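Some structures are shown below for you to check.
What follows is chain A paired twice: with chain B in the first complex and chain C in the second.
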Partner chain A sequence: MTEITEQNKVSEKFVPKPSLPPPPNTTGAIGWLRYNLFDGFLSSCLTVLSLIAIGFMCVNFYEWAFAKAVLEAANRQECRITPTEFGTCWAGVKFWFTRFIYGRYTDTEIWRVNSAAIILILWMIPVWLPRVTAKLNIALSGVLIFPFLAGYMFLGGDRNWFMEIMVSVALGCFITVIIHSLLCLFTGAGISKWIIQLTGFSNRSERLHKFPVIMFAVIIFLLSLFLISDVAFKEMPNNLWGGLFLTLVISGIGIASALPAGILLALGRRSKMTVIRVLCVAFIELFRSVPLITILFMATTMFPLFLPEGFHINKLASAIVAVCLFAAAYMAEVVRGGLQAIPKGQYEAAEAVGLTYWQSMGFIVMPQALKYMIPNIVSNFMGLFKDTTLVSIIGLYDLLGMINAVSQDPSWIGLHHEPLFTAAVIFFIGCFAMSKYSQYLERNLGAGHGR
Partner chain B sequence: MSGNTPSSSRGANAVINDERYRSIFYQVVVFGLFIWAVLSLIENTQINMATRKMAVGFDFLKNTAGFAVAWTPLDYKPSDSYLMVYWVGIINTLILAGISIVLATFLGFIVGILRLSKNWLVAQIASWYVEVLRNTPLLLQIIFWYLGAFANLPRPKQSIEILGFESLVLNNRGLYIPKPQPEDLFWLTALALLVAVLIAIVLNKRATRKQQQTGKYISTLVPTLLLVFGLPLVVFVLTGMPLDWEIPALKGFNYRGGGFVLPAMLAVMVALVVYHSAYAAEMVRAGILSVSKGQTEAASSLGLKQSFVMRLVIIPQAMRAIVPPMISLWMNVVKNSSLAIAIGFPDLVSVFMQTSLNQSGHAVEIVALVMAFYMTVSLTISACLNVYNKKIQLTER
Partner chain C sequence: MNTKTETESNQLQSAASDEVAISMSKVNKWFGNFHVLKDIDLSIYKGERIVICGPSGSGKSTLIRCINRLEEHQDGDISVNGVTLDSNLKNIHAIRSDVGMVFQSFNLFPHLTVLENCTLAPVWVRNMTKTEAQEIAMEYLTRVKIPEQAEKYPGQLSGGQQQRVAIARSLCMNPQIMLFDEPTSALDPEMISEVLDVMIELAETGMTMLVVSHEMGFARRVADRVIFMDYGEIVEQNTPEEFFANPKSDRTKLFLSQILSH
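On to the complex of A and B.
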């Protein structure tokens, strides 16, 4: 009996009618508009005001950038659209654009800057390819050894024995990185494995494996020494450097030197040794609490006094040193933030297995801390990229310096707004890309640590 | 085996491997290197300064500066000393930074709240405002504001009258405003304001205590406003309105009288305010988002009104996340105000580190003095920050 009643119950189960579609004004485009733009009186007012403001800006911008545009002109006077009014002189920007990027670098030598940039890109691309191994070595060699190659390519002139060796080493490293990455991509094994197999050392004891690798390195080094022996670039003194190129050189050197210096300073700040800690704290606090411009003025006025007699330091070098000191102090705080994010157990565990201080830092703490730090390092680089514009105040022709130079050029005198707008666009693209990348890293690097 | 090693070498090993001795050794080495570096720098500097016949010491501060400063609220004449120039620079920097800090924080709060608006368009505009301003260099923005807005102002004869006031004019010499000239009994009004503020504070404290004891909410908004504005007004009228306005007037080719602000100062101020407001907006947004949604829901379920939810529950908690980065932002405003040099506003770096340094050649002393000022400001601000952090930590637990 009970079974039957239950079956009855099941058959009489409540079956809801199909639900009505939502009211048409809550879905689709209309619903979206209602919910996001006209949700109440205040919201509607704000929307209308915003639309008016946007429209006003668009109309004005169109008028300035397009309606009044003058695309062909040989000097500023030809940019007049009426006898009293100047048009928007894009011709001037077109005329000066190469200068904005390369400064006063000779036109025929610009390819050197471009090829150094391409080499750097090729050197660094493997770091982002998932199949490539030994990424840390590639990145480190790019940061530490590439500057010698780039320095020679930018500067040119005679090489002394030191530069001869360093340029060959850098070229050798570059060739190795490229071969290694290609091998990784196509065969899945790194260069050392491939050399060992090729020379038939793979069936010998592992102790001997390093010999063919060393041989290979020597061969590559000699090869690149031979390759560069005939190459001689025209000398381009660094007062010709300028534009975006100079901005990137200064901020690139700044960030590359700031990372190791910042790591050392941050470790020093957390050290148990009083003298070291006090010195590090003093350095960090001193350079963080004063504006960059005062450090730059200090560099240009005081560095020449600091040097022993007979030594000279040019303006660019002192500016670079100043930027490095400044960046190192800021990077130290970024690194400290990363170190503080590592739980104390990690330090204690590293100590407990008997690692020395440098081993525990190098193998346990730093690899984890770096992961936390990367987004901040990227945004720090972005900040430095922006702050580098200050070198124009001490008279270097970086991107902003070139733009000020345009408005003082006799035939383009008074041309401010268009170059400034161009520079703003260049900076915006660079910094926006970097900030989005750092946000992306922040989201993705947290994998495994996220809550 | 190890038992056979002579005890003297074991003792040496023990010393080498002992962390304490090692650390002392390292510290001595580092300290020695540091002292050596400092001494050699001093020696080099002395040699270099001797060969360039540069004088050393702070005596030059008493010398006559001999140059004019374009804008200062102080009574400065070119015949004053370099010490006075230092002081002028400090005051100008502090005024510029102070006004910019207040306005940037205020604007930052507005933009930060707009970024969280439910209105999609408004939120988008606010977020692009932040993106554009944060991703272009401040120096470029300062030059942009100066050349784009404040360098093309009309001549004094064609001055722009702001809001139709004849006494509030903007031209290529600057912004002219009426200057208040207090008369004899004006101090009474000031005193009345002070008394009113004190009474208002006491009133508010008592109201809060009463609410904590009895749960009864007493609105103090109206009495506070009445007190703070009413009492000084009454005293002001009773003492016979002892305040005169010095009104700028066009005389010859320029405006005379009243207060005035350089176009360069306006440009730097606008740039500083706008640039830092973008950073402040991000902090405000992050601070509000850091308060979990459960707090809003809990407050609403207690039956609090919407405005109380914001004022009593969300904002006090958000403040905890907003204030520390906001204070470092203020420090950045002080530091970044030094960029005024690019368009010629006479701040500390401009009048002291550039003009005075070029004239007197006392590089080391001047750099030290300027850095000392900025370090003092930043150490003061971080000391305040530490006090605040300690205070909110106490209320937390």
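On to the complex of A and C.
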């Protein structure tokens, strides 16, 4: 003790120097400006020029979009602001907006499209609610079974036995999803737990638990079968479908089918079985090497020539098939890229514990690979969403097709820019939302993985 | 338990029976032109504990990977518990679910929690219910002394803990044979003993074990038989006492002098 105190006496006391403020104009807004925009003569000149250009464009855009805007007009001629000059005819967009969204779908039946959209939204919302369980089942049922319900709501007309069953199944699934989500939200236990508890199976063996659940599913199915038995919608042939609605139908089906098809093709391409591998490689390379527009033309004009006489193929159906095949080929390569990022040890470990090929793909490889693939998958989806506008060239009235059609209308002839700007805004909103969602997914799926 | 004790008295009692667990006869394998396994003849009895050592590239990993068909042998016969390994997928799956394997690089599934790593195969391969599988998993996690990590992800564990989870994951399938492919080679020196402790305890239960390892202390202590391989051949096999005291082949002598010189 004494030694230490003696040492303390001789040693100097250390006092840290006070922190001084940084040199002026190096931090904060002024520092940022100096560093990024006015760092030297050249940089300052470029900044000023760019500001002038941006300002010029902003003023012009303001003038076009707002100053010259004509909001009320019955036809294009009324959009003149001076006898020689047309104003910006937002009235035209307003007049045609319903057509841009729904195409030539009969006004009195539009509610069917809207309700299908609302059903899809309600079906999918539980996937994002943290308290809801069995999210994968909900999402899968939404992707696989909802299309039957939507298809019938859009198309209407008579149902054959297959559609009767599928529509009931879809309606039953929807009801179940809603009940399940509400139960999860308010009681914290999912629907199967409730069923097991209410039927008194909770103290029986776990292996018997599936029976009351199956019973419930059958009851719900019969109930929906009964519910739809009197419902008959007016037939709306799909040449009346159009606008954004058609764009969403085509790209929605393309997106929903591209991922599973792409996964199968990618696995096929890596298969050890020669025939499967060669077929997959041929398919992928063929469809990747041909422009989408060519495939669309071939599907709608050439393919029917090969069919037997009197055999008619729906134009929309062949366009959808063409888009799906094209998207699948691209997706296959994205998936293959993701699969290659998975170390060999993961496959070996999965095999070594006795999992079958499909089990190890489904539980071990794909969940990890999909995480790496998200940015690419979403880019692909965005590309597909925008590429569907090409169907306007083969004579389908999607959003772009409707805009072209409107500009030909005698009383609105020459209405081009405003609808195109509207379409650009709509596509931007769609794509930007997808992009933001993919960033959210990346952050969240990576969360629990640690290193 | 002290793994460093290498005295003869600490040697485990042999649990080997007369029943053959694995038999290999005239097994040959090539990687391209490289002849990696040459006429391997080997019988392993139930309850026997075998340590395989040898220089890198000598075919020891390939040998044990042929037993659960992670590698396919091109010539000769391998049978495990009386089931012959051929291209019949059913046989392969049956053998794999009865043969556990622990890898050098752990190969845990990083997207699943420790508990899920342990219950996945019992649920899907053994058709257990989730609760049964979880009970068993917790039992084995307790045996490898990390029950408190069950809800963590593998990436949050140390190397030694990960390897112990990998051992528990294999044990959850209730295997009859365990293969260890250099289980301690990727570990920091401090973590080696915690994994070896678990392996010694496993050996005490009478598990048939094939261990590719250079842990000579472990071999002395646990092995019933030590096998030395080089150039795809079994150069020498003997009891650990004989193997370390009187190696017969000059190649074995050289190998031993190199690894025991430090």
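Before moving on, here are some points about what is shown:
Following the convention adopted for this analysis, the second predicted complex is superposed on the first by the 404 of 451 C-alpha atoms of A that agree within 3 Å, B and C clash if a C-alpha of one lies under 4 Å from a C-alpha of the other, contacts with A are read in each partner's own complex, and residues count from 1 in each chain.
As a convention for this text, a residue touches a chain if its C-beta (ideal position, glycine included) is under 8 Å from a C-beta of that chain, and two chains touch if they have at least 3 such contacts.
What you are looking at is a predicted structure, and each value in this text was computed from that prediction instead of being measured.
With both complexes superposed, B is the one of chain B and chain C in contact with more chain A residues. Contact with chain C, but none with chain B, is seen for A:Leu355 once the two complexes are overlaid on the shared chain.
Residue contacts after overlaying the shared chain place A:Ile178 against neither chain B nor chain C.
By the document's definition of touching, neither partner reaches A:Leu155: not chain B, not chain C.
By the touch criterion defined above, A:Glu206 lies against chain C but remains apart from chain B after alignment on the C-alpha atoms of chain A. In the superposition on chain A, contact of A:Leu122 is made with neither chain B nor chain C. When the shared chain is aligned, chain C comes close enough to touch A:Phe363, but chain B does not.
Within the superposed three-chain model, A:Leu264 lies out of touch with both chain B and chain C [touch as defined at top].
Using the contact criterion defined above for the overlaid structures, shared-chain residue A:Gln346 touches chain C, although it does not reach chain B. Chain A meets chain C in the complex at residues 206-207, 343, 345-346, 348-356, 359, 363-364, 367-368, 371, 448-451.
Taken together, the chain C residues at the contact with chain A in this complex read 68, 70, 93, 96-97, 99-101, 103, 105, 107-111, 120-121, 124-125, 129-132, 152-156, 169-170, 173.
Within the complex formed with chain A, the residues of chain B that make contact are 23, 26-27, 30-31, 34, 41, 44-45, 47-49, 51, 117-122, 125, 131-132, 134-140, 143-144, 147-148, 331, 335-336, 338-339, 341-342, 349, 353-354, 357, 363-364, 367, 370-371, 374-375, 377-379. Within the complex formed with chain B, the chain A residues making contact are 36-37, 39, 43, 46-47, 50-51, 53-54, 272-276, 279, 285-286, 288-294, 297-298, 301-302, 304-309, 382, 386-387, 389-390, 392-393, 400, 404, 416-417, 420, 423-424, 427-428, 431-432, 435.
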